[in-house]
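The following pair of complexes shares a single chain, chain A, combined with chain B in the former and chain C in the latter.
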Partner chain A sequence: MRIRILGNLVILGATVVLSYGMQVSKPHYADLTAPIPADGAMHDTIRARSFDVRLDKVVFARALKTNQFGRQKLLTTSGLWAVVTTSLTATAASTTVADGTWQGPTGLRYHQTERLGYRQDMPPHGVDPGLEKRGLLVFEIPPDQIRGASLLIAARQFGPLDAQARISLDGLPTSADGQPADVLPEYDLDAPPPQGKS
Partner chain B sequence: MFRTARSKVQTWITAGAGTIAALFVAGLMGAFGALPAHAPPQLPLDTAIDAGRWRVQPVRAYVSHAKVYGVLMKPGQKALVLEADMTNRTAQSDKAYFDVFKPDGLALPDPMPMIALTRDETLTPELHPGMTERMAYVWPLAGDAIVPASLSFGVTAEIFKPRDNLYGMPGWFNPYRLGTITLPVADVPATGS
Partner chain C sequence: MSAVSTAPGPIASEDRQAEQKWRRRSLVALAILLPLTLAETSYDSLREWLHGEDLIARDVDFGQSVPFGGSDWKLADLRGGKAGRLPDHAFAVIATFSVKIGDPDLQKQWLGCKLMLTDAAGRRWLPDVIAGVSLPAGVMNCTSAIFSGVKKGDTVTIGDIFIVPEDAVKTIRPAVGLSSERPWFLRFQRPPK
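Showing the complex of A and B:
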């Protein structure tokens, strides 16, 4: 009789411990439905589900020169502008690549800027299979978010369980205090491509 | 006879214990709820205020009679403008700053302000983590509205939940009035432009 009660207590205790453990270790819904990363480095071609992307160049600038509604505008920022040039190709069918995020070393996420308004060469980028296309992404970031950062590129902003290219930006030249080695005073978005280095 | 009555009472008490406890708790909550609520405090103007996902530092308030930061007004309207330095305290770019400030005691034709980045007049851009930007809240007013020389604005904050109750996602919920700021309101007459 006593052994049976003891046995029941042990079973009850084990159930409580097991249930608590399962509750504590339950994965977040956000993690279960998170985008699926495709990792890579600068200058590598990374194959996401619907597009391939290669990060060609990152240029830092203090100001951006752009044409808005026929008016020259000089956009300044409290941090730095990062102009990222990528090459995009669709894998199987024509599609769009719309989302870019600069993820700092501590996980802060800087979404691509909305201050440029509508421009032909800004996301969403229409891409086609077999045709390589230059795709620009522009970010506003503080200078301390450059070392150890990575770039996240996805077809759309909220794409659960879709692929997300995750490009490590360790190859960027920075000085000892983490500042970028080369910062242009001004980047002209309407000038023909080769500007700056890196 | 006597024994059955006692067991009956016992049964009643056992069955009714939950109901009694519920009534008691409800009465208690009602009593606490009826207590006069604390008035939201007056917030200091010289230090930055942590209001949920934003750190705000109000700079100045004025009434403008002309186009301000690219916000056009209908003829006969003027605008109440509040400029504030805003910093995103969260880990990702965000633009949920529409309800942070609200002027008290003014009849607003549209309670939703137009919000512009003072740097280059961009309307409602996303603000990025840790990057302070000066934003101008612009509320259009009827041309004959009377704005007091010293106006108070309610500051609304939200609380962070690491897991919400529906999906278990992190997010900001339950807006509440954090406090009040009171600013002098200058009147800026229209210039030629």
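Showing the complex of A and C:
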């Protein structure tokens, strides 16, 4: 009889310990349903379920020149502007690619800028199968978030269990102090494509 | 003394047998009830998903008219070419349908109306805007047709503009999806050359 009580107590204790352990180590729901990364490097074509993306070019600038409702605007920043040019194609059906995030080396995340307002060449990018399209993403980032950064591109901002292209930006030329090797004083968003290197 | 101690024996074993029987029954019930609960809780989501996806194609021959969403749909024309400002290796395609209105409540019947092009590999293109290309006179797109106030018996021409890559242009087929008919959609045979 005593052995039985003791046995029950042991089982009860084990259950409590196990339950507590499971509760403590339980992943957050947002982590369980987080986007699934598809890794790649610059100039690689990365397949992210509904679209293919290739990172062609990253240009850094101290100011952005843009045309808003017929008026020239110069957008300045205390950090740096990163203008990212990508090539996008839909895989199976016409879709949109709307979300870009700059992830710094320590995991800090910078969402694409909303200071530009509506522009046709800014997200959401409408993409079609078999038709490569140039898609711009613009970020405002501190200069120390460039070395070891990666770029996250997804179809939607909150896409549980959807694919997310994760492009490593190790290929970017930086100087010894981590600053980008080449920074334009001004980037004109309305000028024809070839501006800046890399 | 011995009579008293043996008396509860058969009753206890009977109790245990009954308990075991109920335990087994409960286990069997669980095996039936659990899947049923799952099915019941996911039914609404599944139904909503099916009504949002064009999954099962109903093939329609060229020249044939098929009832779909309360009206009769027929492929009127499919033409492609180089026009307006297009990306490299791409064609502009205009697909038009001639539709005889049966049920004029289009706001209900044609909700989520989607014109598409599909190719042999199963890829799908949705309508696009091309600078310098517009629909021929008298052709409406789906959305404007819904609010055009058509009456029963009218025949309207529905169409849209697409951009399609060169490698797909030879096998594209126009298709139509409506919320009221999903997961089924109509896929039309191309007009003969």
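The working rule: the second predicted complex is superposed on the first by the 198 of 198 C-alpha atoms of A that agree within 3 Å, B and C clash if a C-alpha of one lies under 4 Å from a C-alpha of the other, contacts with A are read in each partner's own complex, and residues count from 1 in each chain.
Going forward, a residue touches a chain if its C-beta (ideal position, glycine included) is under 8 Å from a C-beta of that chain, and two chains touch if they have at least 3 such contacts.
Keep in mind that what you see is a predicted model, and the values were worked out from it rather than measured.
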Fill in: When chain B and chain C are modelled together on chain A, clash or fit
fit
Worksheet entry | Per-residue touch tally on chain A - higher for chain B or for chain C | B
Practice prompt. Using the superposition on chain A described above, determine whether A:E132 touches chain B (first), chain C (second), both, or neither.
Written response: second
Discussion item. Is A:S94 touching anything from chain B or chain C once the two structures are fitted on A? First, second, both or neither.
Written reply: second
Item to complete: With chain A at the apex, figure out the C-alpha centre angle toward chain B and chain C and round it to a multiple of 10 degrees.
Response: 100
Item to complete: Quick one: classify A:L75 as touching chain B (first), chain C (second), both or neither.
Response: first
Item to complete: Return first, second, both or neither, reflecting whether A:D52 touches chain B, chain C, both chains, or no partner chain.
Response: neither
Practice prompt. Using only C-alpha atoms, work out how near chain B sits to chain C after the chain A superposition, in angstrom.
Written response: 19
Response to the item:
Touching chain A in the complex, chain B uses residues 91-93, 117, 119-120, 122, 125-126, 128-133, 163, 167-170
Discussion item. Give the list of chain C residues in touch with chain A in this complex.
Written reply: 87, 90, 122-126, 128, 163-165, 167-168
Practice prompt. Report the residues of chain A in contact with chain C in the complex, numbered from low to high.
Written response: 92-94, 126, 128-133
Worksheet item: In their complex, what parts of chain A are in touch with chain B?
Response: 28-30, 73, 75-79, 104, 107-111, 113-115, 117, 140-142
